[in-house]
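You will see chain A twice below: alongside chain B first, and alongside chain C after that.
Take a look at the complex of A and B:
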């Protein structure tokens, strides 16, 4: 059996990978005269299936989410090892859990504010959070939700969200233990998340306690590295790790000039996508399926930047500066 | 225009008293109008400079918010900002400017908590929300100024109408009436004098 279970799915995936928008196409999309021209150019891609004559640029979120949902369903159908691709979809269960938890605490009704890409239905998740029934949930999600429900009266919204996010990252890392590429990806994700949190809390608000709470264990960088750097007046890229040196260097330079961490976030996205680009060369493994999903998610982010930028008349320079690299 | 009154000394005295009071009132109201106008102009200037500053701050805040919007989906952004803003305590009071009550609005405290995780949100969101929370005290001050300007404008209009009524209606009418009564009394006096002289002449001839 072994490799044969990958034969059809890998072939189908390779065919699907050809529909990912490459950097040349992204350049031509970025050169579009305005949002209407961008929408017209997008008709030629897989997103065109959801663009009708009546579609306007302001409904771009709808086009992007419908396309992404279709791509996710495709992967759910063909994936030979759902335990790995499910890691990707689980992220959306955690997201929905955060939204539902928040609505429950604030006692507000929030319809249409969930993502239908997860593994568990919104209704099941809602009934679990409201303690009405006990549907089967992922263990990590269940444990975190139980602990939050138990401490509900003593914790704030920041703590609730952070607990859920941290729990997801821990679980994803734990599950990818036998897949070197994914393990490295998740470790880097945790590191870069910690670096971003560190810079956000240190440079913008100087709140060490919040950083300590947000710190996610499991990455290559220890917590002590960050805590030792907290008192430093001038941060240097070499203070963190050579692994992320050039990324942090650019981000710090940009922060000095513009007082923004946008470049750090862009660098983080690009770094993580590049990590998974090597999955393209694996033929009989689950990693390419995960990488495809991430690539599509990244593509959607690029398109969102283009639409938001053009609709709101951002400068071309600014839009290009925010664009992420393409998977292909 | 004149007031219809019987032309006698009693009325004349009353009208003269009314005129002197009207002149004094006019002067006082004119002074009040001048002072209100001075305050009004200074509030307007203050308002303009604050408004310009707020416009710049808001533009910067929205620019950053747009950065976050470009990275995060509508749903993600909405969920992250769902529980904002935080606790704000405002104290309101009143002071008098030329006997006109205007409001004083003070921001006593503003506790801002981060209500979203930094792990899955954009740093631009922090920056824009920080900008917006810095704008809030300035907006509150601006609201105070706007209300003061509105109240002063109404008071100015009312005072101007009173001043004009005194200056162009009451005082001229009183002056005309006083003049008319004085003329009438003078004429009466002259008629009496002529009558007396005529009587004296008739008595002398007999």
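Take a look at the complex of A and C:
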């Protein structure tokens, strides 16, 4: 009986979901007088386990990463479908691979970028990229890294990042084929990635070849839709799809005023999180476990924005503008 | 679940056909000693299926509660009724079996002489409670597990969660009632 394997883990997850910071709490955190008051407010949450009397706001990154690490380990322990939750952790392997390739090609230090919550350790990944050893990697990652290593002399950073991003999204979409909610999530993710690239290349540089190269197949929007729009002088949100209309509308308005597409990244995060919010209503399925990880990751992004904003004395209005929506 | 029931039905049918071929005795023309065996089979199947259903249902709801309490040990009392609710179907199955056994004289004195027709009647009389309890217990287990998840988030909503579970219980009660009337309708 398939449902029985989910009963216990889902129970543990539901209890754990109560620790996700809701929108009211986020509002009160955003209203904190300064970063010290913010730190004090965080003591009442699960982040408080890593806050001592000596902790200062400047060590927020440590608090956030330790908490996230613990939450990831919790999911790794209880998940009944590791192949689905591993998609989330694999994202960090691809991220680390990008940082390591960047470090290897540009000969710069990228150690502060690594996130040690992937499926493979940073050291193993590093030794694979430097061709020192052959630790077991995910097939999609291995194939992409092999192709990059093969073309190492003739490849630039943009191509490396694009190849890794495309490979991850294709793999994630393929793995989530039997899970409607996750399939929809990944298809939307692909669309939003394509929309971001389209707007960036069209509005900033008018480089159609770069867009063609970075296009990821598998989303709801076909490549032809974008190529036809490329010829348009004035972009309208209705040209894309009703699904993303309001998101693109906001991004285009923002671009008109500020000449930046930063709002698109926030919109993308919010859109994808909202997609997975329906996982709250699934009981005997792997999606809630993936959604919990995404919700915690999103919460950490929110806290990082609050800390960075308050430490750098940014205006409240600007901080609030950057905040993502909460899962609960 | 449906496919398993179909497999169970096919196995029973195949068993009956095989038995008919091997012994040369038709299921509609059995020797008189088979009456008692069929009645006993009816009693057994009502306990067997209802018991399995209840075990599966409680297994699901108890696992859900254990999962919630692994992270938040408080509130066992709130989950207790929801854990126990799928267990009632096992009791209904037992009650039906008890009635059949009582009618065939299993508790007092020698067993009664029962014709194959009467045996078949007892057997079919046991089926409503057996199948209604088996399926309702499993589904009630799912509803109760979801109720437990709801109470884990909204601790004041345990009443609503219990009411939702009780709706599923209703059909097990109907199964028991029909079996009760059928068992008592057998003329001895």
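Methods note: the second predicted complex is superposed on the first by the 320 of 328 C-alpha atoms of A that agree within 3 Å, B and C clash if a C-alpha of one lies under 4 Å from a C-alpha of the other, contacts with A are read in each partner's own complex, and residues count from 1 in each chain.
Quick note on the criterion: contacts are C-beta pairs under 8 Å (C-beta built on N, C-alpha and C of every residue); 3 or more make two chains touch, one makes a residue touch a chain.
If you're wondering where the values come from, they're calculated on a predicted model, not measured in any experiment.
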When the two structures are laid over each other on chain A, do chain B and chain C clash or fit?
fit
Between chain B (first) and chain C (second), which does A:283 come into contact with in this model arrangement: first, second, both, or neither?
second
Tell me the contact category for A:66 with respect to chain B and chain C: first, second, both or neither.
neither
Touch test for A:12: chain B only (first), chain C only (second), both, or neither?
second
Report for A:180: first if it touches chain B alone, second if chain C alone, otherwise both or neither.
neither
Inter-centroid angle chain B-chain A-chain C after superposition on A [Cα, multiple of 10°]:
170
Residue contacts with chain A in the superposition, chain B compared against chain C:
B
Once the structures are superposed on A, label A:4 by its partner contacts, choosing first (chain B), second (chain C), both or neither.
second
Smallest separation in Å between any Cα of chain B and any Cα of chain C in the superposed model?
29
Chain A residues touched by both chain B and chain C?
none
Which part of chain C faces chain A closely enough to touch in the complex?
56, 59-61, 63-72, 142, 145-146, 148-149, 152-153
State the interface residues of chain A toward chain C in the complex, per the touch definition above.
1, 3-4, 7-18, 78, 283-284
Spell out the part of chain A that touches chain B in their complex, as residue ranges.
61, 64-65, 95, 98-99, 102-103, 106, 108, 110, 112-115, 156-158, 161-162, 164-166, 169, 193, 196-197, 199-201, 204-205, 210, 214, 216, 259-262, 264-265, 301, 304-305, 308-309, 312, 314, 322
Given the complex, residues on chain B that touch chain A span 64, 66-67, 69-71, 73-76, 78-79, 82-83, 113-120, 122-124, 126-127, 130
